[in-house]
Amino acid sequence: MIPQKFDYAVPKNLDDALQLLASGAKPLAGGMSLIPMMKLRLAAPERLVDLARLKELNYIRESGNELHIGATTTHYDVESSALLLRKCPLLPETAAAIGDLQVRNMGTIGGSVAHADPAADYPAALQALEAKFVLKSGKAERTVAARDFFVDAFTTALGPDEIVREVVVPAEDAATGAFYAKVEHPASGFAVVGIAVRARRNAGRIGFVRIGVTGVANCSYLAAAAEAALEGKLGSDADIEAAAALVAGGVDANSDLYASADYRRHLAAVYAARAIAGALSRCA
Amino acid sequence: MRISGSYSLPLPQERAYQLLQDPEVLAKAMPGCERLEKIAENEYRMKMKIVLASLAGNFDSKVKIADQTPPSSFRLLVEGSGRPGFLRGDGLLKLTPTGNGTEVSYEGDVQVGGTIAAVGQRLLDGTAKMLIRKFFESLSQTATAASA
Amino acid sequence: MATTITKVETLVGKRIRRREDPRLITGTATYVEDIQMPGMHYAAVVRSPHAAAKIRSINTQAASEAPGVVAVFTGKDTEKVGPVPCGASLPGLRVPHHHILATQRVYFVGHPVAVVVARDRYLAQDAADLVEVDYDILPAVTEPERALAQGAPAVHPEWPDNTAFNYHQDGGDVDKAFAEAEVVVKQRIISQRLIPTAMETRGVVAEWRAADRQLNIYTSTQIPHLVRTLVAGMLALEENRVRVITPEVGGGFGSKLNVYAEEALMGFVAQQINKPVKWIESRRENFLCTIHGRGHVDYYELAAKRDGAILGIKLKIIQDLGAYHQLLTPAIPTLSVLMMPGIYNTPNVRADIVGVFTNCVPTDAYRGAGRPEATHGIERMVDILADELNLDPAEIRLKNFVPQEKFPYQTATGLTYDSGDYAAPLKKALDIVGYHKLRQEQADLRKQGKWLGVGISTYGEICAIGPSPATPAGGWESATVKIEPSGKVTVMTGACPHGQGEETTFAQIVADELGVSIDDVLVIRGDTAIVQYGIGTFGSRGTAIGGTALYFALQDLKAKIRKFAALFLDSEDVTFSGGEVISNASGKSKSLRELAAASYRAMKLPPNTEPGLVATRFWEPPNFTFPFGAHIVVTEIDGQTGEVKIRRYVAVDDCGNIINPLIVDGQVHGGIAQGLGQALWEQAVYDENGQLLTGELMDYAVPKAHRMPWIESDHTTTPSPVNPLGVKGVGEAGTIGCSPAVVNSVVDALSPLGVRHIDMPLTPEKVWNVMAGRRS
């Protein structure tokens, strides 16, 4: 379809962008979600400010034991980053599962995270990584943890003139094993269910595990009950199956043409088991 | 699309029943709604604005309250049409007194048409749930304030 | 003295890269959307959001006053334009009057109600959003069996039973067959509604030149001449002053074998505003308003002997027609009836079709058009019978095939199968797939609780459509071949290839016949001012009928050239090779170019011979052709999720002689892709109010490249006696053979659970529910 008329601004730098946002412009990053909505005339922003042009926000850096990823870093950049592959392989693995090649060349981590689609891939990984988001407005900057950032479908902790400036994840060594398992919707490519697991062993037993879930409910979440069921266990098939069964227990799962709520919960358990086993096999 | 769920209101059952049908209270709880304009007994017209991520749609809407069985149940029919499409919701609300308030359970049918129906079936269920949750949260806040 | 002439290598039968491709893959081809004209305006169509409603009023004032808008038209303005035509006729067929813009009522979501014309497409869409239509919403019905039930809303008020037609056909003595049967198996089988999803949506540019009374229409179509005749009729214009030009077409698959409201509507608009006007269909419009495919609920009964011999078949088809008839809508299920016995030697059949109106967009031809449904049905029934009798599905097929000695074979449905060797592709496929080892592996895996399935489909299909008495508009095809004074060759084909590759294959045929370089041959199609009347491309007829017309035109030309050879050389007995015309008697030669130039210069003409080298032929086929084959699909079912993975796909297809194996491979691959789409992923879903829930590519799962299995494709070659090329047609065969092989495979995998049938699409949840239900 044909979008309505709109003004388009290329900001000179981040401050310029924030000023434009404060004056009522809407942010555009990769455009992979916004532009289709505009073409269908479901979204009709009068003014767009193109954040993807901000090269200063496109970076992947290590600092201490953390990795800092700028908001306009594309999925392709994340997927192919040697630094991330070494120190946080869960992120490149998840980025590689997003959409298709064209989407990955354009889509950005900041945009994806701010959009908070219930079936986006990144939130599962970012929850499992206990990521932090640096939010910036013209006046101030603050940091919000992933579990507080994702609130509801398309709803985050972002204030009206805030943008995501940076995503911060832990830099980890081979002692941490991670795995992203996803059921891909055959039409849209979104996650029918997506499970990201990050784990470490301690003297042969599971010392630490985080399980991030996307696609199942209105919002990504950490499967705390499943995590608790694994901590301290050996990680046998039975341990894994018992924990995986708790991943979607009691969750108000979404239902759509492709998968009913019941089937979604079932897939969550199956794929959680695969992701947990995969992560454990990657623990050094 | 079938929807169902429940929400707790921190109010006694009769008060909750009264407030749920109060047009002032309903108006404040409906997304983006200023006020309800009465067009018939238990039937109101209003303008709804639904904002979801980058989507914003204005809907010319009607609300009708029917099958009243005070203080335990009534039917709420909502109809809205706008550029993005139209929606129709028909829900049965049941109020049950609990220890510290009233549990409102709803069960009903939501139909969506036009462009919004086409954008992604995967979004409809979640979006309906979210809007209903926001409605009850907003209702709860308004009702509690009104009761204070 | 006879001389041995060494002929240059022939091109027919060779894998030659397509002449079409360079422009397609460099983005320099011209599609309708690329057409630009001075003063061109843009049209946006306003469509009904309701499946059934009365139109109380339409307020176009705000739209007319919007910036850039030059006109707004509604059904009142276009009432006098002729209805969208239905070319099919059946006894007792009820035909609703199909206005190009709705007048008093709307009948499906997407039904066009108004058109806004503005100087650019953005302003046109803005103004279209301002048209206010007041609807009185009525109840709708979207499922054919519900539409037939008591108390269902009437789609068309004049026909409350929602029945457009009833059709009955008997062959042999089916009552006797069922009385003598030792076993009868029954099954309800669905071939679900599909959305053809050509990559290029529809589009029209119309230009009216008032001083010349000339209307030019650029449209993405499979049938330019038929569109010209029918649209000229709808607009009451002089047919010879209507020109239809088909630029590049980005896929049709039958969905552009039609005449659509917008084609006449843009002609109407162009006449009203006296400016060229363009309309390009959005993907959403395409999903809502371009015809859908299939839409069958079939009730099958098969009568047989315990040894597996099939005695008779009963079939009741409930056909979802949609709200109106497009060009061939009611005829499509009759093609299913024609092929209901498949390639089995069964003389006793009974078929009934109920054509049902629903508040949905019409169904019509989509890759296979009635034959995938029929093949899916009979192949599933044969497997069900095999399961019932505990017979091997390959053995039961071999037992029932029409034997070699019976060709040409009279079927119980009134067809004559031209040629066939049905056992050959099956045996080849069984060999390629390693059938017996697979059965052994299946048994071993079953002990481990794993689900492996082997599915066979042996199909026959009716194509090269067809003999004119059996078609609505004539089924012949035309060709003109011209040799220019320079010796270059131009072919004008009445066919309208839109991806089938005739620009290449026809050039191969010409190159071989005339002995010229393939690069010296140009194939033109799709312009009614340039190309003689033709029927078009559909029903896998392009080469079988269009190529045959070309072949005969070439023979005419060669006969004439021989006369010039006799005059300028020494004999009519010549060989055409390497650009030369060589006397077989003396070995003397003249280039074809010299003879061509001489024929136009006409200094010296042979006796009773006109100047020039042009030949035109219209070829009427005496019969359809009947390709056939065997597909074997090996699937693995994920026991935890119900997901179906295709481990192997073996296709052995017999399309008679092959002109270009590379192009045939493409047709087989593409056909199988669309068959897999039906079997595993696609379904057009309407809710009970007539809203199309699978409204965008976000929900409608067209096959993606990374989901395609590797296709092991092979052939047997049984030439067709119907045409001198021996060609049968292959465009739809892949789709026809595919879906039953896939479903048979999955049912085979799950047979330990007692599963007998699953309807398409085999989504993971559906398969999972079947498994979970059986395992509990």
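Residue numbering begins at 1 within each chain, and the chains themselves are lettered A, B and C in the order written.
The definition used in the following text is that a residue touches a chain if its C-beta (ideal position, glycine included) is under 8 Å from a C-beta of that chain, and two chains touch if they have at least 3 such contacts.
Just so it is clear, the model here is predicted, and its values are computed rather than measured.
Compare each chain's C-alpha centroid with the centroid of every protein C-alpha atom shown, and the nearest one belongs to C. Between A-C and B-C, more contacting C-beta pairs join the chains of A-C.
Computed centre separation for the pair subunit A/subunit B is 31 angstrom, with centres defined by C-alpha atoms. Mean C-alpha position of subunit A lies 43 Å from that of subunit C. Mean C-alpha positions place subunit B and subunit C at a centre distance of 48 Å.
For subunit A, residues that reach two or more other chains under the stated contact definition are 40-41, 185, 188, 257-258. Counting only residues that touch two or more partner chains, subunit C has 129, 284, 693-694, 698-699. Of all residues in subunit B, those touching 2 or more other chains are 83, 115, 118-122, listed in ascending order. Taken together, the subunit C residues at the contact with subunit A in this complex read 44, 121-122, 124-126, 129, 282, 284, 640-641, 681, 685, 693-694, 697-702, 704, 707, 763-765, 768-769. Only residues 1-5, 40-41, 183, 185-188, 257-260, 263, 266-267, 270 of subunit A touch subunit C when the two sit together in their complex.
Touching subunit C in their complex are the following residues of subunit B: 83, 85-86, 111-115, 117-122.
Partner subunit B is touched in their complex by these residues of subunit C: 49-50, 109, 129, 284, 287, 687, 689, 691-696, 698-699. Residue ranges on subunit B touching subunit A, taken from their complex, read 5, 52-57, 83-84, 115-116, 118-127, 129-130, 133.
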